[in-house]
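Two complexes are shown next, each including chain A; its partner changes from chain B in the first to chain C in the second.
So, the complex of A and B:
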């Protein structure tokens, strides 16, 4: 056997040095042991780390969510209380905080609730009549129930003129924020993929906001939005809006947070979609130009189908990260005015600060549940579907 | 240009939006593209410009209304820089060093462990038993319940729990085998990213408290490494799959062990993927705030905590000092991004996202 390095020969299983009279060295035996257990050695560290720092806290958090935790000398006292923490959020005294304030539905509220219900029933009915599998049915049933609950929640709060709670705020950030970020990110990536000069300059500049710590972005936008001392205060004064404060009105406060969040996260969508656009062979686009297609036609018929699989996955990542939003509302408005900009993560953090660990864990679990249902539905119903079609 | 004569004459507007030749852009379209891109650059750069000038403003300049151009509108002074790097240099330096240690170590740990796992999942077939896993989770839940509700000492519970788990897995799991595949493990690991930090941070806090490791570097390093492990596994799994297996197979024919193949053939080949992953994880660790807030009180404080600390006291927010901290936080990231930029622009991240 002609091996290049001595080490390779040494650790070959079953190989012993020519001089068999000497016992194999300790290093040799260790290497042989390593090689024999390579299968486990490669994956065990990751599994153990995830078990200790992710699964263990997850189970512990579940237990906390079902109990009342009291601090006592030298430790904690945990008392099992069943679903009390959850029912308090959904039906009890904290309902206004989590779901929003309910009154009787207005006409618009009824219209939204009933049309959402109808659409979901129709969707389930079509699934049952076309193709049916038990797992698929259960999955769709869970998705349908969650979406139904959310649409009734919005119908009873937002569409009936009542304030909504942290669940609604989180969903607002995720869906409206991600939609804005996706549209702008896609547009910038498309523009930047055109044959223009200075592409590298734009690429570097557009990437900068992602490098700033989210908490820094929060304070930076507070400076920007200041209507008396901020850089745009002359403009505010000119419009006669000296007394206007972004953080004083629920909707401007939410908009303000979405602007900050978009400023920070558009670069992420931009950089990946730009790579996707640059991956399209130039020939395709040029063939389109030869055939006399307009720019819009080239985008719609040539670029978009190539970019779409990437775009869908980027959106999935962004939605997953979007549900975790906590730094920006905490810094920019500290959840205010009232609870108008409080995301579920922040709600949980505030509950922890008031040492109500059970409530904090219950809210965190509700967040986890909503995130998992929405992300898994998105993945199974949209991503997988798109992949199959291509 | 022989074909020009064949084109019928058109209006000025139509000609503006007609490419002069294939592969080039029409002048009108070019104008629109540049306008939009420059507008967005302004939107991105103006806040950063404001950050830079705020860091050299005096308190009076900030509080007296907006002033825009140094040396014209106001006299820049380095008082905030001086305060942070001369007067309070101990605090600033400690946070900076902490941040550097923590993000470097956490990134190294996450990239090492994550790429090992990703390589194993890309090359070796695993068949873990679902029953063993369920048993493990059940025993863990029971153990936690015993600790929480009845105050049993955690060391005792650990020993007994391991014993019970070992016994049960020998007794039950060896008879009933429900095998999972590599795809399941991969999905399990990547799906950990869905966990919002807030879900797990309280138990992690209690865990480190019970072993007296709160406010240490190691606690934050381990937590950051695990939080970012899913990203590493996802990106690197895809990258390893794109490397042809022939090289590794010929190395194995020559008698190289798996560890050697990984270290001397696979890792050098996947330099681009490693660079992009490292940069991404590094940025995330460097900027993380919530976990650091829970796990550090004084000694192990990182830079984001220092940013938040500028909002303390009766003097209100120290905008000038905060700007300085944010600026010095950006510098290392920009430096790393420039060093690793060519790997990012190659679209390494794209591969994983394509799925």
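So, the complex of A and C:
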């Protein structure tokens, strides 16, 4: 660049003017400052957005979880109540709602509880005697306590003939639902990765349910499951099920919700695993075929180890999503019969609707705690070990 | 001179306010927008939209109706008004919910507006709705657009066929339901149901149980209170009367649709209109719905009667059920204690106290327009509006109903059942205190649902309800709640 005086100057930021006797211009200094802080400036909008929309609500809801909040003219009246909202759910008048109804343990309940306790103690003992680190021990201790608590909860409720609460219902949706979704999604993805006729058509068909909003899926399944006036009522009646009320029985109601949830989420697992299967180099498969391996052996020894990292990731995402299930039980049963299909998110939503914001936030934090412990444990204790073996 | 000028100015200002209180000329509210929040249409919201268009033509004010799910109306409104967002000018909701809003100073006192309104004809509004539904602490904060009482409807043709009378008490109800159950009532060759009462959780089941329990537990008149002891504010739930009501409610399911546990009022109304229900508990809507196009199967076949009562009622001294006598049941008819329950109380409009003055005036004018006999006497005869009668002129004059399609016989029968309920000295009032939704919509509703699902016994449910209600009362403050409850029953001492 040539200046008006004929002097050649470099105006790019970071270059000093040739004549050092003159102080740098304000614009130059600003450009210098921008250059020096470019990384911070680029990341600032994202940080601000996360702070406003994630961190601040998280902190605010944590404060609310320890408070009683009352809406009054001119704003809120917040009263600090300590752990009262949490203790009400775990030990107090809402215990039956969150954990379940505890009366006495049956023989089966005792057997399950003691077996689980023994297994967890053995697992901890083995860790302490084989390889020990403080961080690892604390992590395992938290996992052990949570799993122990959940085991005793199911022992005292499900295995002793008592109804379980929203925590048990949520875990049922997560573990049974996600397992069904994974097995079917994996099978469909493997099938569609094979050279079969019409596989492009099936790919599109299998993917459609994921594009429908969860509320739409809820209404769709509620209508389809209606034995008296739904579109499938002739079919139900043909099977002699016109007097069958799925929503009146806790287990059939939960099952129908899992069917609806699976119908919506199998495509998510399917589409990601399909991409993983299609990325397996053909050479590996062909080498296996040349060596005379069966299809099952090819799947177990070649395909599965290749797709496992993707499968683990997709399951982790699905499990985290599964913990937040709310639309389907809300639309299909409103949490009924009784509280048999009420998930923790729905429990929190109902508390929020009645303006019991403290209880609502406390339940949301309990959900966050359970989700984090289970997902981190799943990843660190199961996935990482399996990956090391491959 | 100065004081004369001030007086003149004050006079001009007063005249201006007086002049704007009743919209009588076009363009009076040009540029004013009224944001209304209510439940999704066409029920309730639909007529607000239609009448809103007329109001816009008349006055220039634009009416925007915002619809949110029923379960979210109250918290959305309270959040909007309490936090100062004030995006909503008028809330149309259950009159009982207003107590909490008024307690927070969020609702405009409408008495000064009514005083200047020569069209509303306030004395034509039935006394219960005028004095209880619209007023809190002696001041009018609400304008009624719908009057609600639960009643018993029956298939007149089927009852005549089997030679039975409309049920007077719950024993009669069970006998009639059993006799009707399994009959083909609409000629489609399928067996139909003896009884249809919604039982879905998070819907309207807590209103139905209130209607059943009232006949067993309230005997001494409205001031006795159905829900709490007005002297101690202790719940009046954990007793033999409520336990019997729970048992009856569950037993009606034996004669109802198999999936009744998952049916809300929309589902049961669809069955009624399809001619599949012999007996049904509902608000006033069934009358107009029976003359609707979709109700062809039940046109001129329905009858209405006051909610069934009980010959055995709770003796508070012993805690047991006891046969009615003149001392225990002073308001009983033929030995049956009736306590018609003003479930929900009816949809009513409240104006945001923080809206601009011009908007408040326009909002009141619109609510007044909805309420005025010229409009409402037509609206209540249309089933799809969800509006039920609340004016004397609607209850005493059958001509509009006959004009709408009622037979003279059914018009008399239907309005007679409403009047029997409305004028009953033992009418049971709804929960009209702060936290009303938590008491009934959360705790009562949930425990009732668990009982119906077979998770717990009636006694366990009632013990849990008592404990849950005590927690809510302590949380809001027992003294405040007691004072509000007494006011809601018309007890002023």
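Just so we're on the same page, the second predicted complex is superposed on the first by the 345 of 390 C-alpha atoms of A that agree within 3 Å, B and C clash if a C-alpha of one lies under 4 Å from a C-alpha of the other, contacts with A are read in each partner's own complex, and residues count from 1 in each chain.
Here is the rule we go by: a contact is a pair of C-beta atoms (placed from the backbone, for glycine too) under 8 Å apart; a residue touches a chain by one contact, two chains touch by 3 or more.
What you see is a predicted model, and the numbers here were worked out from it, not measured in a lab.
Touch criterion met: A:71 reaches chain C, while chain B stays clear of it. In the superposed model, A:243 makes contact with chain C only, not with chain B. Of the two partner chains, chain B is the only one that A:56 touches; chain C does not reach it. Within the superposed three-chain model, A:335 lies in touch with chain C and out of touch with chain B [touch as defined at top].
Looking at the shared chain after the overlay, A:327 reaches chain B, while chain C stays out of its contact range. With both structures placed on the common chain, the touch criterion links A:265 to neither chain B nor chain C.
In the superposition on chain A, contact is made by A:203 with chain B only, not with chain C.
Applying the stated contact rule after C-alpha superposition, one finds that A:352 touches each of chain B and chain C. In the superposition on chain A, A:172 makes contact with neither chain B nor chain C. The larger set of touched chain A residues comes from B, when the choice is between chain B and chain C. Shared contact residues of chain A with chain B and chain C: 75-76, 228-229, 352. Residues 1, 3-4, 7-9, 11-12, 15, 31, 34-35, 38-39, 41-43, 45-47, 49-64, 67, 75-80, 184, 187-188, 191-192, 194-196, 200, 202-216, 219-221, 223-224, 228-234, 263, 271-272, 275-276, 278-279, 282, 286, 289-290, 295, 309-310, 313-314, 317, 320, 323-324, 326-327, 331, 345, 348-349, 352, 357, 360-361, 364-365, 367-368, 371-372, 375, 383, 387 of chain A are the ones that touch chain B when the two sit in their complex.
Against chain A, in their complex, chain B makes its touches with residues 17, 19, 22-25, 29-30, 33-34, 36-37, 40-41, 43-48, 50-51, 54, 62-66, 68, 113-114, 116-117, 119-121, 124, 126, 136-137, 140-141, 144-145, 148-149, 151, 185, 189, 192-204, 206-207, 222-223, 225-227, 229, 233, 254-260, 262, 283, 286-287, 289-290, 303-304, 307-308, 311, 317, 319, 322, 325-326, 329-330, 333-334, 337, 341, 344-347, 349-350, 353-355. Residues of chain A that touch chain C in their complex: 68, 71-76, 93, 96-97, 101, 163, 226-229, 243-248, 250, 333-340, 350-356. Residues of chain C that touch chain A in their complex: 71-72, 74-75, 78-79, 81-84, 104-106, 200-203, 257-262, 270, 437-438, 441-442, 446, 449-456, 464, 467-468, 471, 475.
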